[in-house]
Amino acid sequence: MIFEKRTERIFLAIFFVVALCIPLFLEENSFFVGKVTTILILAVFVMSLDFLVGRVGLVTLGHALFYGLGGYLFVILTPEYEAVNFWVYAFYIMGLNALIALVIGAVVLRTSGIYFIMITLAISQMAYYYFFDSLEFGGNDGLFIFMKPETSIFGLSFLNLDNPTHFYYLALLAVLVTLLAIKIILRSRFGRIVEASRLNPERTAALGYNIFAFRLISYVIGSTLAAYAGLLFALQYGYVNPQFMTWEMSGTALVMSILGGMGTIYGAIIGTITYEGLQYFFEHMSKDWMLFMGGAIILMVLLLRKGLAGYLEKLLEK
Amino acid sequence: MSTELFFVQLINGLQYGLLLFLIASGLTLVFGVMGILNLAHGSMYMVGAYLVWYFVAITGSFSVFAILSAVIALGLGILIERVLIQRLYNRNHLDQVLLTIGMIFVFNSLQSILWGNDPYGVAVPEALSGSVPFTDNSSYPVYRIFAAMVCIAIAAALYFVVSKTRLGMLIRAGESNREMVEALGVNIKSLYTIVFAIGVMLAAVSGIIAAPMRSIVPGMGESVLITCFVVVVIGGMGSIKGAFVGALLVGVISTFAAVLIPTMSNMIIYIFMILVLLVKPQGLFAK
Amino acid sequence: MANDIILETESLSKHWGGIKALNDISLQFHDRQLHGVVGPNGAGKSTLLNMLCGTLQPTSGCIFHKGEQIEGMKPWKFVRRGIGRSFQKTNIYADVTCLENCAVAAQRRFAGSFNLFASRHSNKLVQEAAEKALCQVGLESRIHTVAAEISYGEQRQLELAMVLATDPCILLLDEPMAGMGHEESQRIIALLNELKQTYCIVLVEHDMDAIFELSDQLTVLDNGTHLITGTVDEVRNEPRVKEAYLGKEDEEEAA
């Protein structure tokens, strides 16, 4: 019921089976495992954006702000040379981020359309420059994370975040949880009104719904998921810097989402894998990989009207 | 701050603003008439700068090749519109975003292939080098004054075309009512091609003019693009008059901010934009 | 009139700068009655409806619902009070089924729109209310059809069903029969005759036959002013009304 489309079910089944097996067969190649881990983390980020842009109808160019905050909040809140508990601090960070998103959302959601795009961009740019120009946050170099957190729950610890394979499964779990959370929310009573607000805001308001409230809650959810992704990314590589929150980062996520098929959510996974895969492939082929990347993007826009997921659905749905 | 410094910065700010207007006017024109948000607009600015650098580097002559570069950019604009942009008219805004981002990639990569990644400079042309004495101990570069004049001239020409010519009438009509323009017997496709090509040319010409005043580096297109967006939003999407006022405001504010509050100077135009939007949510001269 | 006054305006006015869209309108709408509102183009009918449902704020004057002053409140508060409005230009959710259209309308009556977990299909009451509304307007056969795929006339019916699904007490209907053929209009007229037994209906329409057949009370507006309110016969025989309409016809003929 949550996954209504056949294409969706087929893709996700294949995806999770393959993803589960990758570290088992490629344990020696920790570089590759690490690369796929990053793709998984990015997929979480892109899914959260796809939710906001494709389903709630909030086109934001400032989503990377929260991605960066995930990392920065970790460095700010935790002591430098002590291994804190991952679950506790992830909870704190997401909570704090939700509050920040609530405040920002309450302001920016008073605008719409192109002005919403610009104001979200402006706020993320301001945050970018703030961290870029700051001394206590390491400026453009950012800050290092020296101690990865430990992951015990009630004294039992079975994940060692220094182990690439363990980290990989944490990221995969994040993909699963994010996917399920978004899908459940979209199917819920809340989701019904959120979609209605996107399809016809005037009508939905005329029916007595407080659209602002629905959008604000969605904005907080989407932003907090992005922060979790940012936290994982920072932990994986052991640093955070302002590049996490550039408009290029937001733009790239948007590209991945549109490429995969805006609004499908599972398309975000497809888009992330495709984009990162193409980049990897072109980078190794030629130093002018951007030319091929740009060409591939242009071709895909012209030929695949509804993104990759849309194309697959055309093939598989009767 | 001394009066002297104030005036110098004011003129700097206005001159920077005029340059911004040149770029922004192309962006807002294309959006207003065609509804297309061209994210590769900054790349056109870059193309103009690199082209003129290239020609100057091999021939040493600025003026002739400045004009040649502009013509090439015009042709490029027509080509891009015919081949790519035309296919976007019935698609949604996000597809436009995606396609034009793809174009940014292609242009950046072509720039790297054709001209390399080293920073370049274009020497100020002989006739325009030197400074005009301003007060007893300071002077102002002639070239900057020249650049400002060219921007003003182009702004005036733009104003003339849009308000007094048939093309301008079609542009203004096309902005609000596409069907009406078609009913007038005008080929809307050709109109769009012309408008887009003009937009590209405006961006490229500003790149050409800016070339002797900036270093020519990879990524110069993107940094100008964002500032351009801020200008257009402040002025009101689609309004050329708004772009003019917005550009001057942004130019002056960021110039003064760089001198008075250097640590916050990067942020200042965004704060300004948010303030404007709080008071006038559609920009200063919204349609 | 024996029926209670359920909605009332007092000296209601709307100015846009120098233009007076509505001037000093005082009207009374009774429960279980159909109150027609007519007038030449530009008379201010849509402006009146917009103010009665809260999407437009009056420049001056008051609106009373069951004796309470409600002008100036947010639109969703009007809806909560049971003031439902249909649009002149069809305003439905085109890409989903008729059932889903009405379900969105009905869901607000039953708590839980902020429920992030429970499936939207789990509340049977919402589904029943939506189906009931669709049956009331005669769209039983289209319950599971996507709204974009039904005919224009059926879409107008859906528009009406959505308002009914909100369980209103007052229906503000803006030209529900616009663009409909004769047979379809007859269906709507029969439906409205039935509905006015239960609801207070304010009907703005250009279809004069329908207005004369349905209206218990009829108000004529002209150029933002209130010309007359009375029974259909009283209004038809009022010379000022003929002047307002005929005057316009002369203008149009001269043009």
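Should a chain be cited, it is by its letter among A, B and C, assigned in written order, with residues numbered from 1 in that chain.
Convention: a contact is a pair of C-beta atoms (placed from the backbone, for glycine too) under 8 Å apart; a residue touches a chain by one contact, two chains touch by 3 or more.
What you are looking at is a predicted structure, and each value in this text was computed from that prediction instead of being measured.
> Under the document's definition of touching, what chains do subunit B and subunit C have as common neighbours?
The common neighbours are A.
> Go through A-B and A-C and name the pair with more C-beta contacts between its chains.
Answer by contact count: A-B.
> Which chain has its C-alpha centre closest to the mean of all protein C-alpha atoms shown?
Centroid comparison flags A as closest.
> What chain lies farthest away from subunit A once each centre is taken as the mean of the Cα atoms?
C
> Between subunit B and subunit C, tell me the centre distance in angstrom, where each centre is the average of that chain's C-alpha atoms.
50
> Between subunit A and subunit B, tell me the centre distance in angstrom, where each centre is the average of that chain's C-alpha atoms.
About 33 Å separates the centre of subunit A from that of subunit B.
> Could you please state the distance in Å, as a whole number, between where the Cα atoms of subunit A are centred and where those of subunit C are centred?
Between these chains, centre-to-centre, one finds 44 Å.
> Looking at the complex, which residues from subunit A come into contact with subunit C?
Those in contact with subunit C are residues 1, 184-185, 187-193, 196, 199-200, 202-210, 213-214, 217.
> Using the touch rule from the top, collect the residues of subunit B that touch subunit A in their complex.
Going through subunit B, the ones touching subunit A are 37, 84, 87, 91, 93-95, 97-99, 101-110, 112-113, 222, 226, 229-230, 233, 237, 263-264, 266-267, 270-271, 273-274, 277, 281-283.
> Considering the complex alone, what residue numbers of subunit A touch subunit B?
Interface residues on the subunit A side: 53, 59, 110-111, 114-115, 118-119, 121-123, 125-126, 129-130, 132-133, 247-248, 251, 254-255, 258-259, 262, 288-291, 293-298, 301-302, 305.
> Show me the residue ranges of subunit C that touch subunit A in the complex, using the header's touch definition.
53, 55, 75-76, 78-80, 85, 87, 91-96, 100, 103-105, 107-108, 112-120, 123, 162, 166
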